[in-house]
């Protein structure tokens, strides 16, 4: 039972949480002033302390520093008592287990900090062993430079200690460096400690500055998590120390850990500013879904076009010009780095609508490789009577030609060498290449759009399983899906290109062959939110943002997940999902 | 004449300068309080102001905002008066010209800020038109987020204006974002303005905070320039806004502008943390010199080995093991990203000894492409009786195999599949592959080292031109080069792997066919430093850090360049080069 | 180094450049119009020396502004709405008047007391509107109380005014003075006449007024341009306040209408705007000028066009409608306390812009 | 959840684990030594109850510590320097003594007043040094003033002591107590005896002293380990102060030697150190303990080995030599004011480490 910690917001592995002490504290945060250490059992026998709700008590512990042999860890392992106040267990990252406490302090922090792979392994190991709604404490390591990456990896609580120690050692910490104080001619900071003449600035002041800088950085981190944009921050911030970049990359390799914790949609921009963006869960997941779940339902030729900076693409000037030439005679698929390919039906889905990239017209080999492989997989799965590539030279044409060769296709290129897709000549070529093709109707377009989104969201074939016999009303992109009797089943949500089901839609979904994601609840009828304690079981496939079926002995409903599946299972606090519609059984 | 601005330190296009006002100001800096605007000639006729040395006077001007037609700019162009106090001319980035003032304010700043290519074009254009030792002022655009990139591009002076305006608009500026004040639950900063309850924090406070944050960031920028590490900072910082990343990349494409301003050596680490590091001048220049200037002089087989984290490589544990196996029977060339290939003689040169990369064992396609192309060019220029690749699978082997195929070579691989170069088996293979080969002597090694460094520093063939008939003394890496009569010619400087010439060495250099870099001075005998006004002419090829011949009617000397060639020509203040040895004529 | 020269450019050179550029810009627009239709017509209310009146405004299509054809004013895009090439016949112009009268009959309960005729040129220029047409129009509106006629100052002539006063119509000549500062009018607006020409026109109108005796009044309504290109917000405000004061001081000029610049397509201002080199004035600036000049001896009005849009005068979006309403209120009541009723957080931003905007960092906001 | 258990581990389990790990670590070292050579020998000066004396220190190679062969102390790497396998013969041991005497003759003007013999085990354990050898050594050094003999407390026996006192040599038994706290000695050091055993040994020595009468003194010199693994800097300091106080209180124990832990190869401490899990103590801690215990009723000395290096006790590099010098000075003069003479900026860091280091964030510095 974690009575004293609750997760309020998630951004990948990072969370904004709340230490529910007498005066609550929002994490990631420094906890020096509320941490009470009952002491080490290495140096003395200790009583279990009284404890109280104003502090987080570190229960008597035997900490194993880095390098402690497994046998020693095993034989000296401590069983933590069950207490009724906020408590912390000390665990080694190599042998972490669930002790029923609210928080866990990692004993080998000094060994794992400074090494990307070690840090990631330690956090992932520990997080796997302890419940999702418990706080992870790293003592003695946080600095203004590393704390964003530590929080990004999934650490919740920190202390001033390293900042103070480094300050006393004469290191002036900023988010980018640990400057030698004696090298600084002036103090590049405006915190109170730095508001004095340089020559009067002591190491104690330096320590104070370091703590101020750390506090400020944690403020940025909390804001970024709330905004769903910590990763964007880390893609810049991590560059200031090699091991932090390594840590970010290693974490990207921990697909299972990170994917589970990454929402399927979010109201935040994705900055594609470095080569590491390609390895983001959101990007890889999109590419995966487009190439394994989505299926083209149009019988028209494929028209490959370049992406546009304006999102959704169809609102851009260039895509309007393409559209004027195509006139619903072709199936538009946009090529883009770092997303891959985006069929027109999915242009509003996350993150196709939310990413923003650096425009220089230069493609890296890795970008080309990634987009080529996505396009190749896409074309292996989807057959077209004709393929038209309406793309400029740089990057795009390269990629199309690679795939053309790899799959032995015949592709018509409509942009002359050196030309631009919006040139009159290019547009005329495009139109000519489609001459004689039939236009598809608005109805077909809309039906295919909601089916494609169903594929993308729910799984391969879901669009056909759910939406074979439908009618659509309202204007794109706010399409409403209705059955033949005019009963509404779902609505397309244009901000993220997702679907919101009605109760009737949910029932149809449950009855269909399409995979559902279910939250099993206790015998009550939820209104508004389902809290974690009310969850009996939840599919492990559930991700934050997923449409979920909520069912229990007394109720059937549909809503949106606010936790991932295993988090719902293991949490004892917090909102598991938000109910949209519910009915009593 | 720029009497009132002097450049003290350079880091690529960025400089630490000094506005020599009554109270001097170190740039990059805010100049609000010392800027006196004599006013616009659009709104009224203006007298040339009195002016004084406490302020920087903006002379009466007609500013052309972005979008002003060239004809209008031309016909309304202003001739600035020649004044004897610190003065600023307002110029449009499209039509900048030298007006003899100490500083230049760019009139179309609002149009170029926010657009990477436009910014870079504007700065490069303006910098080309105005003398090197004048300050560039961007008014009304600096924010904590963009100012590092602006300074990196070559801007010296800024003001609080944009920070204040954004603050009054309710935007809370940090180095990573422009947060909407109303979105912030707490203030992620420790500046004096932020030391109050959130609910009492007004837009005026926000403006004050923004200015504080901007000042602090400028402090970091100045420190980074002095440390020669602004680029490392920008590789992280630029990620926080797409246009800043675009600007960094566009600047990399301005090879002429950036290369001229980049020192050939520097006592600072290079962080290779992003894919953009490959495009750094230092990296490209190294690759260029290794493949066009350096020439292998050993007749032994080539042994390709992986780089090590320890620098110079020969001091690493792995390279000691390689050495124990090779025993001077092979020519060791290290393969490394993002440097390319490093022959053993050049292991101490900049930046082979100064770069530090992110260790994850993962190679990007671009890294592989770059290293392959360097290796290929290297092997086209240097022939070996035998090539041994003592490299592990990941990345390295790929690259070697690509080059093997491209050049139709036959390469012996000594590391078994899945093995590591320091495994016993690998080392035994390596030794076996070299069995029967002759060892080269220490003398040969040392002679070839100083010759290779001469090639690298001075040009193709320089090593032979200068150092055919030499002896070497002292211990590697502090080798002294002497002629047959024991007169010292040069010393190898192990920190940067460069050569310091003696007067005798300088004379030999001048007499040789090797290209020299010359600074022509007036009729005086310099001691210590040569100041810019004393320079009559200087080779445009001179870069900061270059060994230069200093000669005038009265003196012949040798020293190290502190400015690049064109800067020496056009500057009227500052140290042009440091003299090491000089003699009167 | 050159020597300091107080007047740093040649007068004619700037005009040539402006005209060349404006000609090029205007040439991109392809459009032509029916000479039998007015450019625009609408009903409104206006403050006049005789009080607030119901008005019928007519933009007459007269073949357009000759100056604009040469290049013309940097902010003006109207030319392109005129008939291509030459002049418009008497019959066509009278057809346009008929269309306007029909519009009035269809949309108003009773005839407007005030008629306003603009031509995007000069109504009193006989190459645009011949004497025959002018007189016919005078007769057409003989039953109205008041008429406003647009003209460049050169064409203001007591005889032509008498064509209206003789029907006992109070007659105002609307002159697009833009600013009282010749330098700004020439260099920023690219309008070629001087303030002295305006003063002469006012004198002519005063004479016409005297000649008309008690039958009718005649006078001048000055149109000023708030924030021409190249000026900062504070320069624009200062220039506007002094311009209003100078106009009000001229005998014969009884009304000043301040037009905040808006960004019209196919103008030099639009080119600047597109490249982030121009921002229309703040509505706070308009309000501030009206407040500051409330006590001058003239009616001062302003009717911001396109308020609240990026291309029109605007504040922060939140308060645009409120401030616009206060301005319209002031137009009718001339009571500066109306501005005390409106406030917004963005006023602080505007104050900072006034304080900090320089011509080498403008525009500071969007 | 398990119920709270005050004593949370099984006593023997920890020892087994430590031993298993230490055995594995030690097994990595491959080396063997000549049983006819002492492990080490050197000349120095030492503070003794009889004043400061010239000393000859002998590390006798006796076939090594039996305990170490079972696994042994977590910080001790000496075992590996002993003879492989079994015990060393009487002749070999006496050869070692001869080598030492030659060293002394070669390097000192006159014979040392004080002889110190360590064995990396127990000199008084007859399985290491037989009675015959012990007696022969007693005779060899009969002309010296004082002898120090290393032993585990179990082997301290008045009879064995008498083999030396009978030659009128003042005899001190050096016991590697490490700490007075049994828990720390067991769990952190992995030494199996208890403080009570030490007290018994002291009583035995006191008895031997009484029996020797005025001919010679006999007593115990306790060796303590400053900062065993798993303790924080402040825990180590506190444990050391209390250990010194407790030792000094024991009758028969007249000297305490505090050994700051240094990181020896092939030890558990080295494993921790290699993985950033251990830092040797600060020299400030050593100085602090000496200052704090200056008034106890015993000589307290410390001779930090490897001071200033990363693997030995150290401060910030800048001040290591100065602080080491003060400690050596204190050893001889027992005057705590010597520490007032040294200061360094890093003292502030050390204070912060004392305040903030926890076993779950250690080590806070390198």
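Annotations for the structure displayed:
Read from first to last, the chains carry the letters A, B, C and D; within each, the first residue is number 1.
In the analysis below, contacts are C-beta pairs under 8 Å (C-beta built on N, C-alpha and C of every residue); 3 or more make two chains touch, one makes a residue touch a chain.
Composition by chain, UniProt nomenclature: A, B = tRNA-archaeosine synthase; C, D = Elp3/MiaA/NifB-like radical SAM core domain-containing protein.
None of these values were measured; they are calculated from a predicted model.
Among the remaining chains, the Cα-based centre furthest from that of chain C is the centre of D. One simple way to say how far apart two chains are is to compare their mean CA positions; for chain A (tRNA-archaeosine synthase) and chain C this gives 56 Å.
With centres defined as mean CA coordinates, chain B (tRNA-archaeosine synthase) is found 37 Å away from chain A (tRNA-archaeosine synthase). Chain-to-chain contact here is organised linearly: an open path runs through the chains from one end to the other. Shown are all chain pairs that touch, namely A-B, A-D, B-C. Residue ranges of chain D in contact with chain A (tRNA-archaeosine synthase), taken from their complex: 1-10, 13-14, 16-18, 20-21, 24, 181, 183-184, 187-188, 229-232, 235, 238-239, 268, 271-278, 316, 345-346, 348-349, 351-353, 356-365. Against chain C, the residues of chain B (tRNA-archaeosine synthase) that register as touching in their complex are 37, 40-45, 47-48, 58, 60-69, 71-72, 74-82, 90, 99-100, 105-111, 114, 139-141, 159, 161-162, 164-165, 168-170, 203-204, 207. Contact residues of chain B (tRNA-archaeosine synthase) toward chain A (tRNA-archaeosine synthase) in the complex are 116-117, 174-176, 179, 183-192, 195, 212-213, 215-220, 222-223, 227, 232-233, 235-240, 242, 245-246, 249-250, 271, 273-276, 356-360, 362, 364-366, 368-369.
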